[in-house]
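Note that the chains take the letters A, B, C and D in the order they are written out, and that residue 1 is the start of every chain.
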Amino acid sequence: MKRSVLVFIFACMAIAVSAQKKSSMLTDSLYSDVLKGHRPYNVYLPKNYQENQDKSYPVLYLLHGLNGDHENWNSRGRVKEVLDYLAASGEIREMIVVFPDADADIPKAKHGYFNYQDWKYEDFFFQEFLPHVEGRYRIIADKGHRAIAGLSMGGGGATAYAQKHPELFCAAYAMSALVDIAPGREPSKDALVNAMRESVKENSCVAYVRNADDQVRQQLRTVKWFVDCGDDDHLLGVNLDFVREMHSARIPLEFRVREGAHVWEYWHSALYICLPFLSRTFDR
Amino acid sequence: MKRSVLVFIFACMAIAVSAQKKSSMLTDSLYSDVLKGHRPYNVYLPKNYQENQDKSYPVLYLLHGLNGDHENWNSRGRVKEVLDYLAASGEIREMIVVFPDADADIPKAKHGYFNYQDWKYEDFFFQEFLPHVEGRYRIIADKGHRAIAGLSMGGGGATAYAQKHPELFCAAYAMSALVDIAPGREPSKDALVNAMRESVKENSCVAYVRNADDQVRQQLRTVKWFVDCGDDDHLLGVNLDFVREMHSARIPLEFRVREGAHVWEYWHSALYICLPFLSRTFDR
Amino acid sequence: MKRSVLVFIFACMAIAVSAQKKSSMLTDSLYSDVLKGHRPYNVYLPKNYQENQDKSYPVLYLLHGLNGDHENWNSRGRVKEVLDYLAASGEIREMIVVFPDADADIPKAKHGYFNYQDWKYEDFFFQEFLPHVEGRYRIIADKGHRAIAGLSMGGGGATAYAQKHPELFCAAYAMSALVDIAPGREPSKDALVNAMRESVKENSCVAYVRNADDQVRQQLRTVKWFVDCGDDDHLLGVNLDFVREMHSARIPLEFRVREGAHVWEYWHSALYICLPFLSRTFDR
Amino acid sequence: MKRSVLVFIFACMAIAVSAQKKSSMLTDSLYSDVLKGHRPYNVYLPKNYQENQDKSYPVLYLLHGLNGDHENWNSRGRVKEVLDYLAASGEIREMIVVFPDADADIPKAKHGYFNYQDWKYEDFFFQEFLPHVEGRYRIIADKGHRAIAGLSMGGGGATAYAQKHPELFCAAYAMSALVDIAPGREPSKDALVNAMRESVKENSCVAYVRNADDQVRQQLRTVKWFVDCGDDDHLLGVNLDFVREMHSARIPLEFRVREGAHVWEYWHSALYICLPFLSRTFDR
């Protein structure tokens, strides 16, 4: 009895009450034949998702960085709070956001978003993961309603995925992105680290644009690109390389350099640019 | 050996390395004769605090809300990351920030910042807590270098404390502040809750200004006041009451209503306004 | 010859050249039977308006303040530059913006947006002006694509017009708005000034909400309302009154109080909030 | 009589009245022996400049672009309104701002900020102009209180001046700056245009850093540098070149790429970053 009163008071005093059903952040998983194991992922479902069973939504794939996982964007970047805030203010449309896990936790593992050795993550992503989530949740499964974004290693992954699959994504937003390995870097003594780095180099977003012929460039122009990197970020150099190649190839892109380093405050603030940008990009 | 290599790589790849000594967030405590027990608190020390033993700093007391504690501003509001970010960009001076605990966790307790019954928190704060931290850390202990701020119940506490002690604080920043209990509110059936609410009403910041004579008003004008409340916040009404009284009393104040409700995204973003404002207010 | 070279160089060096046809700001006029005379107005046409003769656009009516006219928003508020900037960045949809003239230039005249004595401006606006411009330019002439906004006296006009005609407007944005005459104001010795003030009082937006019955309130809820006023603005008080009445009547509104006074820097910056907000409000 | 009433009403209704003395923007001039003629300039004096004859101020030299003159920053960039706004809000210190004229109005003239042929503007600036204004107005005439900034050609001028005179300036802020002529540019058929371009190339800010020895680099590190350029600006490329050279030379700089092209909306918004940054840089 006393408790129920307290709960009532808590509700009145501490929270702006809303009659609407809440958004949710779930942890889910699927079994991967490619990777021979279960892969976890998180998914953000907008409010009223359960109540309105007829409605489908655009989707954003939001990729974590090195030492992150599928929960990282929420636990460190508080993406659910930002999504709720921007949806409440009308600055973004309701969307589903999917957070994969690329098993990049040093020292336990150092895998990432690309195929190499026996880690065929890119195959997993396009052959298993994307079809799985788009079948399991009410997602509008076409280019006009699908975007990809990420931070650091995940920013490189997002950009490379959209480069290779411009038919799948309407937009790609790269934050502080590892779009290439800076030239002249000393090799590591650790073979696994070198292998991961090699996979980034082989999938260099910079080289991809440089080597693109006219037909590929034309396809790349069907994606809205966004590059966002802090002026104190150690990855700024490779991002400038990428922007230059995009300019040379006459592929339009949005580009921002804001105050900051390779830190969560940067990525958290980036969400306030990224999410409205992607929301405007989605087809009606 | 392998681990040390990995640590090296992690350091190179994931973090913008800085040669400077880092800031820190500590948990500390003191014994209170007034409250008959140990009271915990957190304290943020700027970078180089340990290295530069001759330097003293301005201080900000940053107060939590209902259901919060001394760790709340960091765990939910990530205040350390914001402080580090703004200090790195030069937008704020280095300062010490102190986070008291007002034991306001419903349903365990519902105490707060004011004296009532056997909870003499205000006595504790001014007679024991403030002298303790200002003796223990290298704080410039004068009005020109001391500010106070808080959210919700802590915003009301910060404002009331600065009203009663304009000789101690150069500035007070109130976020989504419980500066009064809205009139016409139904009493609770819980005596403790009613007692806490009564303590807020008795310390109403609105009434304090309304009842202030010319001399008190003149003293209140020596403090820089800032009121910041979301347009979807259930406490907006009492904040508008407070602003009106301040206008009537011709006491200058800064006032902002921004997009948002009674949520952490609001208070996190408020730090980007609050901290530079206070930093500019501190004496050189 | 030399001149043409110079012009070429100017074009290359000083301007980011665009192949797209430019937007334009025109001055036009109509004869009013109601007001017995020609009334000038300005109109902003988005780029490609001339080239794409099949396309129709949403419309915004943007109202000037006291001592302004139809050119004021452009000459002082540089609204064309802001519209071009936001359209280029994708933050707003292409829209037509119409700038009426309410003949409010003291001391030449002091008319304004309401009917009084022989100045039947409100009749003119709805019976003559709106049908004229919506027939003359390719405007989507329905509630879902029509918004109204204004500053100071024009903010009051915009709000009052949308209150009386919620069937016409999807949104109303009031900047530093004269939504009422503050109570207790001394009457002027000038009969004309008093008459104008009386017209504002008679059309008080505050009283309109206070007196609205359930049916009217329900109609008012079909409009998206936005109130934006500086914390140093002498009209903040009446804006707070308006917000309170809207809260009491449970009519949702967006509300912002930002840093600033009754100055053009405020209204210029308000455009960066107002235009994206209205753009999101327009029906697809 | 009626008029005085109207003026009173105007003052009450349309303007937030302040008892403080206003800031002012003056046009002044000096005779130059170097350039053999009178050179005009504008100067912004903060409020209370006349009233408080004992106070001296930091100074900012703010340089116009091609086709601009000493009035351009105010007529197009409304710098006085921005200065007043930021001073009122406390975000900047009171400062004197000086606007030189580099006679760069095509087709009348195409001179600019550097010495070439018989146009010895740089000599004029340092030997005549700077001593003149710092003797004529109450300026704190030392490095710690002197900054320089500019847009486009003036951004290149500001950067080059601070490079050659790091002993004079504490900070330099370059907006959309012509810090170099992009390589591979076709020569103009107009000899005067080519001469002006050559003067920019000879004073290339990019080459200056590239060629700087350790001693020069060390001096350059005593200046706070800021580069701000729009992502749609045709000069972004040379700005990226400059940033790269600064990184290579390990000279710290602030760097921002924001949304926008080579337009006044960009430079106007840049003032809100530039002026607080410089204000924080000035010595106390």
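Note that in this section contacts are C-beta pairs under 8 Å (C-beta built on N, C-alpha and C of every residue); 3 or more make two chains touch, one makes a residue touch a chain.
Model, not experiment: these values are computed from the prediction.
Student: Which chain pair shares more contacting C-beta pairs: B-D, or B-C?
Tutor: B-C
Student: Could you work out which pair in A-C, B-D or A-B copies the interface of C-D, where over half of the contact pairs coincide by residue number?
Tutor: A-B
Student: Distance-wise, how many Å sit between the C-alpha centres of chain A and chain B, to the nearest whole number?
Tutor: Spacing between the chain centres: roughly 35 Å.
Student: If you average the CA atoms of chain B and of chain C, how many Å lie between those two points?
Tutor: Here chain B and chain C have centroids separated by 40 Å.
Student: Would you pick out the residues of chain B that each touch at least 2 other chains?
Tutor: 259
Student: Can you tell me which positions in chain A touch chain D when the two form their complex?
Tutor: 231, 236-237, 240, 243-244, 247, 253-259
Student: Inside the complex, what are the residues of chain B that reach chain A?
Tutor: So the residues of chain B in touch with chain A come to 2-3, 5-7, 9-10, 12-17, 65-67, 78, 81-82, 84-85, 88-89, 106-107, 152, 178, 188-190, 193, 232-234, 259-265.
Student: List the residues on chain B that touch chain D in their complex, please.
Tutor: Result: residues 90-91, 277, 280, 284 of chain B touch chain D.
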